[in-house]
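Order of writing sets the labels: A, B and C. Residues in every chain begin at 1.
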Amino acid sequence: MALIEVEKLSKDFSILKRDPGLKGAIWSLVRRRYETVHAVSDVSFEIQRGELVGYIGPNGAGKSTTIKMLTGILIPTSGHLRVCDFVPYRERRHYTRNIGVVFGQRTQLWWDIPVIESFNLLQKVYKVSDNDYRRRLDEFKELLNLDEILDVPVRKLSLGQRMRCDLVASMLHNPQVLFLDEPSIGLDVVGKLRIREFLQRINRETGVTMILTTHDLREIEELCNRLIIVDHGRILYDGGIGGLRTKYAFDRHIIFQLSESHPSDGWQNDLDFNGSVRWETPDPLKVKASFRKESVNPAAVISSVMKHLSVHDITIEEPEIEQIIGMIYSQGKVKQ
Amino acid sequence: MFESIKLHVTLGALYLSKFLKTRLEYKADLMLGLVTGLLFQCITLVFIDVLFARQSLTIGGWNRGHVLFIYGFSIFPLNLFFAFFPNLYNVGSKYIIEGNFDRILLRPLNSLFQILMEEVDIESLIGLIIGGAIMYYASAELELVWSLWHMPVFCLMAISGMLIYGGVFTTVASFSFWWPDRIGLMAPLFNMMAFGKYPITIFNRFLQFILMWLIPFAFVAFFPATLFMGVESFYTHALAVPVVACVSMLVGMSAWTLGVRHYESTGS
Amino acid sequence: MTGGECRAGSTGNAVMRWPVMATYIEYLRISFHKMLAYRISYLIGVFTYGIHVAVYYYLYKALYAETETINGYKVDDMLTYVAVGWICKSFYLNYIDRELTDDVQSGQVAMDLIKPIDFQAMYFSRGLGHSAFRLVLFTPPIVVLTVLLFSVNPPADAVHAVFFIFSTLMSVLIYLGINYIIGVLAIFFLSIRGVLYSKNLVIELLSGLLVPIDWFPDWFRTMSAFLPFQGIAYYPLAIYLGRIDGVELLQAVGFQALWVVIMIGVGRFIWMLCQKRILIQGG
């Protein structure tokens, strides 16, 4: 049985509509109009134990709402939801012992007390045995370089330091699932890298299942073996990153840098590949071939070009994951 | 159930000790809090003193000694409440509007408990000294005799009073789940706390009804004080104080539970 | 407004004056609108305020049960004093002290510091927005309730009525000035925050709202003469009842005006000191 089961999950909000201007404002004291917004509609997926899933989508796509439902903070409008054999919102206090949550935007630690005091308190809150607690804390301390910041109150930490402490706080009770809502938001390159390594390592060592929302697609590429793309509250794609490239069958480009300018025309006729390759000549010393990955063998294209033109250099361009996802987003919007 | 209560009690002590420690770190701040706290206790004293400048004056049959005694007693529940429930004031702003309530919900503990434990205002307890002094003075003026059995009753009444305030303000704080607002809801009720310390007999029926059954602040100070002043006509009311406290807390906690459920279905 | 004058002075031409004023008027407007958004707070506010007035009204009624005059105030005068006093408070009250500390905690202050506006003038505008809201929507129901339920005398005469209105407007400014100073101070002394909630009680007493200033012993009256508080409640009410007459009318209003200027000045000075600390600490 899957660790996380989500079936036809939906969440509607009603939003207060306010008329502009003073008149509207005074009217709103007496009469209010509400409008229903479908933040999440009909979302279904399953996640197995140990998976590392990226949950992405543009701002306002319904990611946070989904995470809030999965963590038991929000009750769904309709649909079925089961995590670690719990219905999160129904048995929340027992359920929360099984999960860890990290919000990049705000800390889960107590603002005024030193980090280590927060950890000690959490040990008691989650009833972690002294042995386990000490072992995990020592390990995390080393992995994340925490020695110097443990005695500092949270409000005095930098964003990166705070994030590292938040990660530790969420893992102290050895949860089965770790939810990460934009964990690297606002961090510098080093900070991001450190967190990425930490997540990879604990996923490998403890087998904790992770769900990660982020806008950083590099992070997704490096960390996740599965990707769920949402927009307007609906799932647009669910699968591996490799599969994304195949499914959306994007063009691959080969750019030839020539040592002498190509003949003005005629040479393409021999390189037609039954019309499946498009040719462009941005300047006299450059030729660009674009084709679909599955219909043409790139080696064949290269060798044919080499026969006809004197090639100085070759670059192969795969579409960036950003471009692919950008296209999915914009297509998703068109479908609406 | 029992297990859960045990956990909350031990954790409560732990929370308190941690937050107390940080509080004690800011010494200058603490001193300032103490001094201003003491100053505030004197305000009502001046008010009563000026009102009764002519010794012969009474209000509704209550003389200066009575009013002072009620005031002295009212300081106990009031300051206990200020010491242990100050975070209720922040529910709307810090927790709901700024989104810290999510963090509370992610912990395997009762949410109201967590919020109450996250802030204590220990310097409020200094006011109890003033309260004691005023009661001592007023007792002499009224020629009251204290005996040993008064002590446990006194503690029970003071704590019940604190719980009445706690229940009422938990209810009001729960309103923030439906109507999040930084100041609007709590502030007017905070000002009403003062009314517990006036003899309820001077008000008209409508006000009496409100101060007894809607916002039961009359049970916080006035009725318990009559018990110690030996005013027999209010003994039944005074004995009802612990019951009112339980009901008040029960209402508060129910409102809170409903509020949390509303929050869960709407987010913030 | 002070901020407007200050800006105009530094740019030194009349063309600049209006756009600058417009900014502050905009703050006033936004603050007015914000108050409208909280419907339930508004209703609860009116209800609890009504009870508030009633409690003090009956307190004095009970006090006068056995006597006609206390300290030169007749029953009617005193009950009018209480009722009108609380009506006025429903108008001059604002919470900018609390808004200020909230803004500091949420980091909003940093955003305001980088804008080309006068900090104090901005908060004053917001406070005036509160008062405008209260004048339009909060005070009228209180007036209706009070006049219907209790016996309230009209002002002494037309001259006193005019002076009363003017004097009440001054009390708004004094109250704003005090609240601003408390708000700025509370940024730096955490424990004042607890005091903020009960500070109203102190102002109620010192301003003469709870008891008229001339009921107090001499030492208190002497102290009051050197403090701004009696300009908030006592003077407007004494004018309303006609207890202040002739030249004293001008003196009372002059006292208020002087304190408006002092409060604004002190507020600017304290902010100047605090601003340095905010800039150093990073908020």
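Here is the rule we use: contacts are C-beta pairs under 8 Å (C-beta built on N, C-alpha and C of every residue); 3 or more make two chains touch, one makes a residue touch a chain.
What you see is a predicted model; the values in this text were computed from it and never measured.
Taken chain by chain, the contacts link every pair, so each chain touches all the others.
Here the chain at the heart of the structure, going by C-alpha means, is B. For the pair chain B and chain C, the distance between C-alpha centroids works out to 27 Å. One simple way to say how far apart two chains are is to compare their mean CA positions; for chain A and chain B this gives 48 Å. Chain A and chain C have Cα centroids lying 52 Å from one another. For chain C, the set of residues touching two or more other chains reads 39, 42.
Here chain C touches chain B in the complex through residues 38-42, 44-45, 48-49, 51-52, 54-55, 58-59, 61-63, 65-67, 70-71, 95, 98-99, 102, 106, 189-192, 194-195, 197-198, 200-202, 205, 210-211, 215-217, 220, going by the rule given at the top.
Of all residues in chain C, only 32-33, 36-37, 39, 42, 137 touch chain A in the complex they form. Contact residues of chain B toward chain A in the complex are 7, 10-11, 14-15, 18-19, 21-22, 99-100, 102-103, 105-110, 118, 261, 264-267. Listed in rising order, the residues of chain B touching chain C in the complex are 26, 29-30, 32-33, 36-37, 39-40, 43-44, 46-47, 50-51, 53-54, 57-60, 82, 86, 89, 93, 98, 121, 123-124, 175, 178-179, 181-185, 187-192, 194-195, 198, 202-204, 206-207, 210. Residues 18, 22, 25-26, 28-29, 32 of chain A are the ones that touch chain C when the two sit in their complex.
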